[in-house]
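The structures considered in this document are given below.
Next, two complexes with chain A in common: one pairs it with chain B, the other with chain C.
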Partner chain A sequence: MPVTKEEMKRIGEIIYLDLTDEESVRFADLLNPVLEKADELLDGLREEPLRHISQLRNRLREDEVGIPLPKEKVLANAAETQDGCFRVPRILED
Partner chain B sequence: MHDFEAVIGLEIHVELSTDSKIFCSCPTAFGAEVNTQCCPICLGLPGTLPAINRKALEYTVKAGLALNCQIARHTWFDRKNYFYPDLPKAYQVSQQDAPLCFDGYLEVPVGEGAKRVGINRVHLEEEVGKSLHAGETIIDAAYSLLDYNRAGIPLIEIVTEPDIRSAEEAQVFLERLRNILRYIDISDCKMQEGSLRCDANISLRPKGSTEFGTKTEIKNLNSFRAVRRALEYEINRQAGLLRDGRPVEPETRHWDEQKGVTIAMRSKRQASYYRCFADPDLVPIDLSDEWIGQIEGELPELPGARRRRFIDEYGLPEYDAQVLTSSKEMADFFEEVVQGYNDPKTVSNWIMTEILRYVNEQGEEAEGIPLTATGLVELLQLIEGGVINRNQAKEIVLPEMVAAGKSPRQIVKEKGLEQISDTSQLEGIVASVLEANPDVVQDYLGGKDKVMGFLVGQVLKATKGKANPRLVNEMIREKLKR
Partner chain C sequence: MTIAGMSVIEILEGQGRGEFTPEEALQAHLDKIEGEDVGAFLRLCPKTSSGPGLLQGVPVALGDEICMEGVETTAGSRILTGFVPPYQAALVGKLQGAGAALVGKTNLTEFGMSFDMDDAVFQRTQNPWRPGTNPGGAAGGAAAAVAAGQAAAAVAADTGGDVRIPASFCGLVGFVPTYGRVSRYGVIQHAPSLTQVGLLARQVGDIALLLEVLAGEDPQDATTLPGTLSDLLAQAVEPKPLRIGIAPDIYRSFAGGDVCQAAANVWQRAAEELGWELVEVDLPWLELAQIARRLIAAAESSSTLARYDGVRYGYRAEDAQDMRELFSRTRAEGFGEVVKGEMLLGTYILGDKAHYEAYYLQALRARSVVSKSLQDLWGEVDFVLTPTTPELPGKRQAPPEIFTGPSNLAGLPAISLPCGLVDGLPVGVQLVAPAGEEGRLLRAAHVLERMIGFASSRNGGGQGA
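Showing the complex of A and B:
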């Protein structure tokens, strides 16, 4: 099932990209051959999706407390800080 | 509301009381200085690898077992992608497709009977950081400040089926749920500190209908009272719309505790899409029957079983058993006191009236019972031995035990409360009371038994309440033999 222009627009919205009609068509045209190829590869291969490559199971750690990073290091890469916190722009959209 | 039926489902988030976070060894203590309990893993820095905390996993299974759930034999974690900055990774590790626990139920009392509220799932995920919004709420905030101390604390999400039919039922369900989680000791469940949080989904439908109406989700419910008030408000609001023939908008609404209203926060018309996929950094988990059995073996006696045992073993009425087992601490306290003072009904009466009053004064977030079991045992023995009377115990000794943490014997001694149970000490006082009240004595001799109370009272007054009333009663009767 190829991706339609409308679906492509919706995919854009989900990842916060405002696609024009023209762009939606162009990206759908680029995406569809990839999806077709993927369908071919997966067809009849397995019922359950392969979620993990590794065969490892149950890699757990015990509930033990270690030493956290010093606060200066925690904030070292923050674009903006205030009162020891990361300062970020308005969260809800208008 | 006569024409509509409310359909309510709850989503409850509970922080697990592990010492370290779910995927790293950062501490989880509440109230630490901001951004001092973070490391490269919970900050989502490149090149780090998370590892699952065994205890968090086992606590989740405990919650599932206590809520009569099935436990998954094979499970994994998913990444839930979104654009809020409350987690630095831009995704939350959660369980979308394979919750650890599913298909359970919790029985809650409704009217005279009980009903089962279905538990759709209990899954494990990571807690998000704390956002401090510049402004009154997130709605009008110009910017936000992020503290990631909380990010990565293990969190379970409990989702009920839409089986709840009233605001009151929702509150009772939540109280029962918290009680169970405290019994199994996996969380401190403090709504004030946010370690237990509740969101509610609610819709109305015409009575008798089996279809669902359009629902709204209510957030910011920070106490049992808020859950109940917000749902009552929302039921009325939706009923008003529907009666006027107007639609209920599918949206998230914010409960404003001060104003007592819910406010539209964001539309849900466009469903969120989180692009969930299995987290490749976390290997899957297989749970063997042995492992689950071992966790089950660690479960304590749950409230329902304990309630029945209190009735059978101690001969308590259903009501007493219900009240005493409504918190693990109180039930433990009761059993400890009965060990030292083997009169269950008397102990139960004391706890349900006197002790509970002190607990209730502390409000919803009761810190516990403000005295020791040995203290109460000693107090009851002092009453039984006639050293003090019941009123002195309630009005003088108990408050002092709670306030100062002293032993009853010490308080009795300090306050000079020992009852006078020595007839030779009372003889003179009894005689003078009778002498001073000749009319009353005449009434008594004439057959008015009721005036005895007055005479005993006068003796108690003269001894500042220290005379043993039973003894005084006997002495007066003896003197005035008719």
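Showing the complex of A and C:
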């Protein structure tokens, strides 16, 4: 079943990527051939899924207090800061 | 020979003979950048050699997806404009610890998501062999820099052929080690389960030195492999002739005739001159691997790129009235078309149970098919030899990653060697090896490189010699 313009728009909203009607159509047209190919090639596979190529186990370490990145260095990359915090548009009503 | 255009080993030998200093070596490469603009670098950040080591005074370029503390790092995306990492990629520290000089950050397609450098966001990069021609991607800037003699070697991420494809187009050696051999800490990636840190250089010996420096366990990257590598090219006698797997019919179904012939010339000569045994193998899953790799990369992208929202770093849309508008406008304005398409694809296939099962889960099953098939092949052959790319630059009939993607899916080491010219442009052959067999792979590639003799046929058109 091909992806529709409406479906594309909904997917865009999920990832905070608001699409115009024209973009929704364009991306649906881009994705549909990929999905068609995937339908053709992937259907019927029964092997155990290989989720990660690495066979290594997770490594653990002691939970020790350390020195994090300096706050001022981290904040230096933000477009807006205030009082040592990231500044964003208002999220609460008055 | 001028310094710019020398291999890593030639630079080390030249310094050893007292012919030039590390500072002069770096300056020669910077002068070359000034003199020949191929659009390889997004920004220069020359740092002279910090002292003795395996790579003392060797000028190395870094893909712009590799974080250098204090140097703007964008991964080729507008959304990271202005991002200055407060920390350093582990591999940068290792290069500097080995005495390498750093030249600058090279161009790539946005987050390395396209193999076509025409998709790069910030600037066009030329193939030094023929200006106006695509150098291949995603690491096209890194390859162009080395091919033009603007760096002796380069390091960049490879998620499906991003280093090997431009290596093939630019007449270089491109290499990926076993998954986890080199730390990815501080390397910006869109598909972490597929990404291997790749190397670009003029000859196999250069790659061996770089790998010896970069390989090793890193507590900051839980996927790194234990142990170090040394003396990779030390001659070990093979107990019997190498067995090389080839699949000529399958190659012909994807690749152009000239490209197939170039690869066939290599394996025929290897059989005649080196006594290598040719074994016809079946690789019926190449197309399956291509679509599976694409879907897995897209799915991982939908997660890894969620962090770019304009709040903590990078580009931020102006005058947003609320958080929703801030996020959506920042991402709409900051991401390019290719990245948006991949994120949408990834979210679609993860977005509900039916799509997850039909696409993502099936792609993981396909990954299993490819990995097991290659595992079985290692009982029959020592390496698999393929063309690196199906076509010359600029042609788009077949997926460019059709031969390179499977090694990323299976986490295997692979190397692309230049094997000749077609219509005046380089083409490459690829050797793929079992996991953990970088030493054998590099030794075989070294033998093959000497047999091919491409290095000695380098001309001034792009080789900087």
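We take it that the second predicted complex is superposed on the first by the 77 of 94 C-alpha atoms of A that agree within 3 Å, B and C clash if a C-alpha of one lies under 4 Å from a C-alpha of the other, contacts with A are read in each partner's own complex, and residues count from 1 in each chain.
The rule is short, and it goes like this: contacts are C-beta pairs under 8 Å (C-beta built on N, C-alpha and C of every residue); 3 or more make two chains touch, one makes a residue touch a chain.
Not measured: the values here are computed from a predicted model.
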| item | value |
| --- | --- |
| First, second, both or neither for A:Arg59, with chain B first and chain C second | both |
| Which of chain B and chain C A:Ala79 touches, first, second, both or neither | second |
| First (chain B), second (chain C), both or neither touched by A:Arg51 | both |
| Superposition-derived comparison: chain B or chain C, residues of chain A touched | C |
| First, second, both or neither for A:Glu22, with chain B first and chain C second | neither |
| First (chain B), second (chain C), both or neither touched by A:Pro68 | first |
| Touched partner set for A:Ile14, first chain B, second chain C, both or neither | both |
| Intersection of the chain A residues that touch chain B with those that touch chain C | 14, 16, 51-54, 56, 58-59, 61, 69, 74, 86, 88-91 |
| List of chain C residues in touch with chain A within their complex | 82-84, 86-87, 179-180, 193, 219, 222-223, 225, 287-288, 291-292, 294-295, 302, 306, 309-314, 316, 320-329, 331-332, 335, 340-341, 343-345, 347-348, 351, 358-359, 361-369, 371-372, 409-411 |
| Residue numbers on chain A that touch chain C, as the complex places them | 3, 7-8, 11-12, 14-18, 27, 30-31, 34-35, 37-39, 41-43, 45-54, 56, 58-59, 61, 69-70, 73-74, 76-80, 86, 88-91 |
| Of chain A, residues touching chain B in the complex | 13-14, 16, 51-54, 56-66, 68-69, 71, 74-75, 82-92 |
| List of chain B residues in touch with chain A within their complex | 18-20, 24-27, 33-40, 43, 51-57, 76, 83-85, 131-133, 138-139, 141-148, 265-266, 270, 273, 275, 278, 280, 283-286 |
